[in-house]
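There's a structure below that I have some questions on.
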Amino acid sequence: MTSLERCRQLLHLRNPLLANTLTEFYATCLLLFIGIGIVCQFELSNKSLNTWVQINFGWGFAIMFCVYTASKTSGGHLNPAISFMFYTLGKIPFSYVIAYSVAQTVGAFIGTALAFLVYYDQIWHTLGAERIAVGVNATATLFTSMPAPHVSNTIAFYDQFVGTGFLALFVIVVIDKRIDLHPSIHALLIGLLIAMIGMAFGMNVGYPINPARDLAPRIFAAMIGYGTEVFTYHNYYFWIPIVAPFFGATFAAWSFYIFVGFHIPDNEETVPLKSQLDL
Amino acid sequence: MTSLERCRQLLHLRNPLLANTLTEFYATCLLLFIGIGIVCQFELSNKSLNTWVQINFGWGFAIMFCVYTASKTSGGHLNPAISFMFYTLGKIPFSYVIAYSVAQTVGAFIGTALAFLVYYDQIWHTLGAERIAVGVNATATLFTSMPAPHVSNTIAFYDQFVGTGFLALFVIVVIDKRIDLHPSIHALLIGLLIAMIGMAFGMNVGYPINPARDLAPRIFAAMIGYGTEVFTYHNYYFWIPIVAPFFGATFAAWSFYIFVGFHIPDNEETVPLKSQLDL
Amino acid sequence: MTSLERCRQLLHLRNPLLANTLTEFYATCLLLFIGIGIVCQFELSNKSLNTWVQINFGWGFAIMFCVYTASKTSGGHLNPAISFMFYTLGKIPFSYVIAYSVAQTVGAFIGTALAFLVYYDQIWHTLGAERIAVGVNATATLFTSMPAPHVSNTIAFYDQFVGTGFLALFVIVVIDKRIDLHPSIHALLIGLLIAMIGMAFGMNVGYPINPARDLAPRIFAAMIGYGTEVFTYHNYYFWIPIVAPFFGATFAAWSFYIFVGFHIPDNEETVPLKSQLDL
Amino acid sequence: MTSLERCRQLLHLRNPLLANTLTEFYATCLLLFIGIGIVCQFELSNKSLNTWVQINFGWGFAIMFCVYTASKTSGGHLNPAISFMFYTLGKIPFSYVIAYSVAQTVGAFIGTALAFLVYYDQIWHTLGAERIAVGVNATATLFTSMPAPHVSNTIAFYDQFVGTGFLALFVIVVIDKRIDLHPSIHALLIGLLIAMIGMAFGMNVGYPINPARDLAPRIFAAMIGYGTEVFTYHNYYFWIPIVAPFFGATFAAWSFYIFVGFHIPDNEETVPLKSQLDL
């Protein structure tokens, strides 16, 4: 037996709520660690070392690896809205939604701080002592979403409803047992999904589509000098990427079942036309 | 039994024509919702938040997820020309082609409207009240294909014949039972195929290669103020991306069978050289 | 039985040399049809509709789909140097190398012509009647490789030796029966391989790494007005991407076997350390 | 029996230390051959033929193919820090770490030289006889990492600790037997991982995250005229990408086990919530 297996015997947690919540904490911390790093490299290099396509693929791959990491314990929600959506489908009890959401948010906060440290010298070099939350020279978007002035909060709400909706919808598709995709590529596809959402719905507010991902770095930004403007900006916009994702994720997941999922034949049914693609 | 399974029992449609048509409606709606979003983000950010490579991969991933969504009911044609091509191969009856084509076009229209709403503020901010269909400042390409003046309609027809031809040809390759690719990656490859077509045949008219994808947003554009010029432009070009794909898809699919597909050995045949790649 | 199966019975070729050669002709024709389209979109849009990354991925995906197309008949060499390399490994008789090479070159020529037609209006619009093979305004690189003046033919030879070497080496890795990758992703990986070679070894002469891909469009270019300069340029450079790939492919494939491939344990051997990655 | 199998019988090495070390030498040589080629194409074309995204994907694919190459002998560490991390997990004896590290470094040196030769004319054309290691016109970054002046060595150490940490962490995830991903995609995911690290942690020092990859080309650069400044620069920064990766890789791998890996249920355990993603 290797030393690794001996450590496992010593430390192995058998309580699924505890083990899964620990996973959600850890994986969301990693996600923000990587993701904030990507945004910092983009903004601080004046978009020369990263372009928008790397924001898309970088965040996608970050989600992918964090979901793989968590795939055999919690499953890798990393997002309170996704946890809530699974609750409405009867997959996890509500107590899990609470525990996961707290763990995700705390993890996101710590991940943000760890990434901030990587780019500490660069931020100081580029921004100096200034922490401008709002306006032409604002840099709070290093951490959290700040919509352009000409985007109304109504559209912003719809935008987050839609973005998180597509996330939830296609997550459901990818893991649906009747659609039956190989488990090894589930997280890979979810990573590409994140990239796609950023290409289609990233312009209005920057596709946070995750209450933990948006709130935790916003608190961090307020603490390191951006102040309360990150909350008051744009008529208290900050609650929108927290609330809208819950509605969007749940609505979209159920729409999939109503339009498609409920009608996928079980194997024992006669399916005269299912074979149309088996040339 | 979860609440999800109880809902399934209540709502499950057993009629394949009905279920599959509903799927084609839903998935094509999603496709245009995402796809028009991608183009809007590209054009409205003045190509800073998306570049051409994101048009390619974004549409590719959109197709990929919509095909996965539909893979176990209709199969995910999302394109009247592809449905017609499958009819010529004897895979679906002609009544299905009609039903699917209508559902795809209606779905495409609704998806366009939903995406338009996401970018409503941005469109108003950038374009104001102006809806210019034709000319240097034209923005109808947010929705539908408008060829450059120096591209003749003859070449445009050939372009759409070729583009849709490659789509159909490689769709057939990907799902061919003798080529035998793992079903879990069928839609992934079809997504990359869309990206490739945009890289090779996107310059003349912007690779619509799908009658429903081109016509439905064109009608929508006409309705929101671009007027009938979107139909009369370029000597009534609009019929070309509707008609050419049917010919291209069918021609290309059959060319594959004649040159390659018919000659793939069945397993029972002696295939002395097939093993040349099994090093 | 579908009409498709009836046609198959009628047209099915059982002679493997004939069927495989037909496949090599068809798939190489498709490859150049797509590939020349990609380069035209790149050059004729003044690098706005394609950038170098799309050259890389576009050609990669083109190879991928053409190899999938041919995977169950010829295997999809699409390249005389690869066919020759397989001959040196004892996988195909020499007569096949000859037949394949001719079919690949003829297919490449026809594919080039078909792509030229797609961009006929664009070429006329951009270049007018001028066909300049050499110099600052030269456009012969739409079709074939033309090295920069400061790259010597010695380095060009080494460049093509190296580029085709990496192609052959990793093709061998991907399909090696002891490395045992799932057949469904063989062509996908070969596509990414092409992209990678373009990122690493594309600067000197544009990574033709394929005698058929380079020679056939060069002949086509000479015929449409670029004249014999496409052959005489750079001290008769044109023979280098024809000859160097044969040496590079063969050398590299054998180097893999000598350094790694011959030492991969068979399953029955005791392999105490092979399991080091099975954590 | 083919000639290939006869050669195998003649040359087959049965000693795993010898065979695996030879593999590590060969595959790391290939890795640097490709990777230095990518950087040269980026820098020497003034970032027109490669952009940062191709640095990311190019190095990712290079790792991917080199790991596939080595997957059935040494497993493809290609990095002394990764070999050391596996030692701490009890997977390989310490003697292997020594042998692999030497082989990786020597291989990296030779690979650098082979890539230098490919771009010999281009380097001469662009740089002439000048070899400037430090300053605005420095070109030593063709070969090795040189941090910007405003990045402290403390942050550089943390940066390399973090970058190599993510590498090791997700390598462990990808190959974990309980997470159970299909072996055919292990190296593919590791390739995407490299790309992601470059998008998130590439700005401070250029993500060497590999002692062999950084040291060997630095020695090469010193030998071809850059001189000892590549070692003395930035207060002897050069030791940081050699030392920090060992700590980062080991720390991160164990953190994964403590937070997640040790708690993944074995199949025989009752796992009431593991099924939450099996919709």
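Letters A, B, C and D name the chains as they come in the text, with residue numbers starting at 1 for each one.
Basically, contacts are C-beta pairs under 8 Å (C-beta built on N, C-alpha and C of every residue); 3 or more make two chains touch, one makes a residue touch a chain.
From a predicted model like this one, the values you see are computed outputs, not experimental measurements.
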Interface numbering overlap (same over half, different under half) for chain B and chain C: different
Rotation angle superposing chain A onto its copy chain B by C-alpha atoms, nearest 5 degrees: 90
Rounded Å distance, chain B centre to chain C centre (Cα mean): 28
Interchain centroid distance [CA atoms averaged], chain A/chain C, Å: 40
Two or more partner chains touched - positions in chain B: 4, 51, 53, 89, 91, 182, 185, 279
Parts of chain B lying in touch with chain A, wherever the complex brings them together: 2-4, 7-8, 11-14, 16-17, 19-20, 22-23, 25-27, 30, 33-35, 37-38, 40-41, 44-45, 48-51, 53-54, 57-58, 61-62, 64-65, 68-73, 75, 86, 89, 91-92, 96, 114-115, 117-122, 124-125, 172, 175-177, 182-186, 188
Contact footprint of chain B on chain A as seen in their complex: 51-53, 56, 89-91, 150-152, 155, 158-159, 162, 166, 169-170, 173-174, 178-182, 185, 189, 192-193, 195-196, 199-204, 255-265, 269, 271-274, 276-279
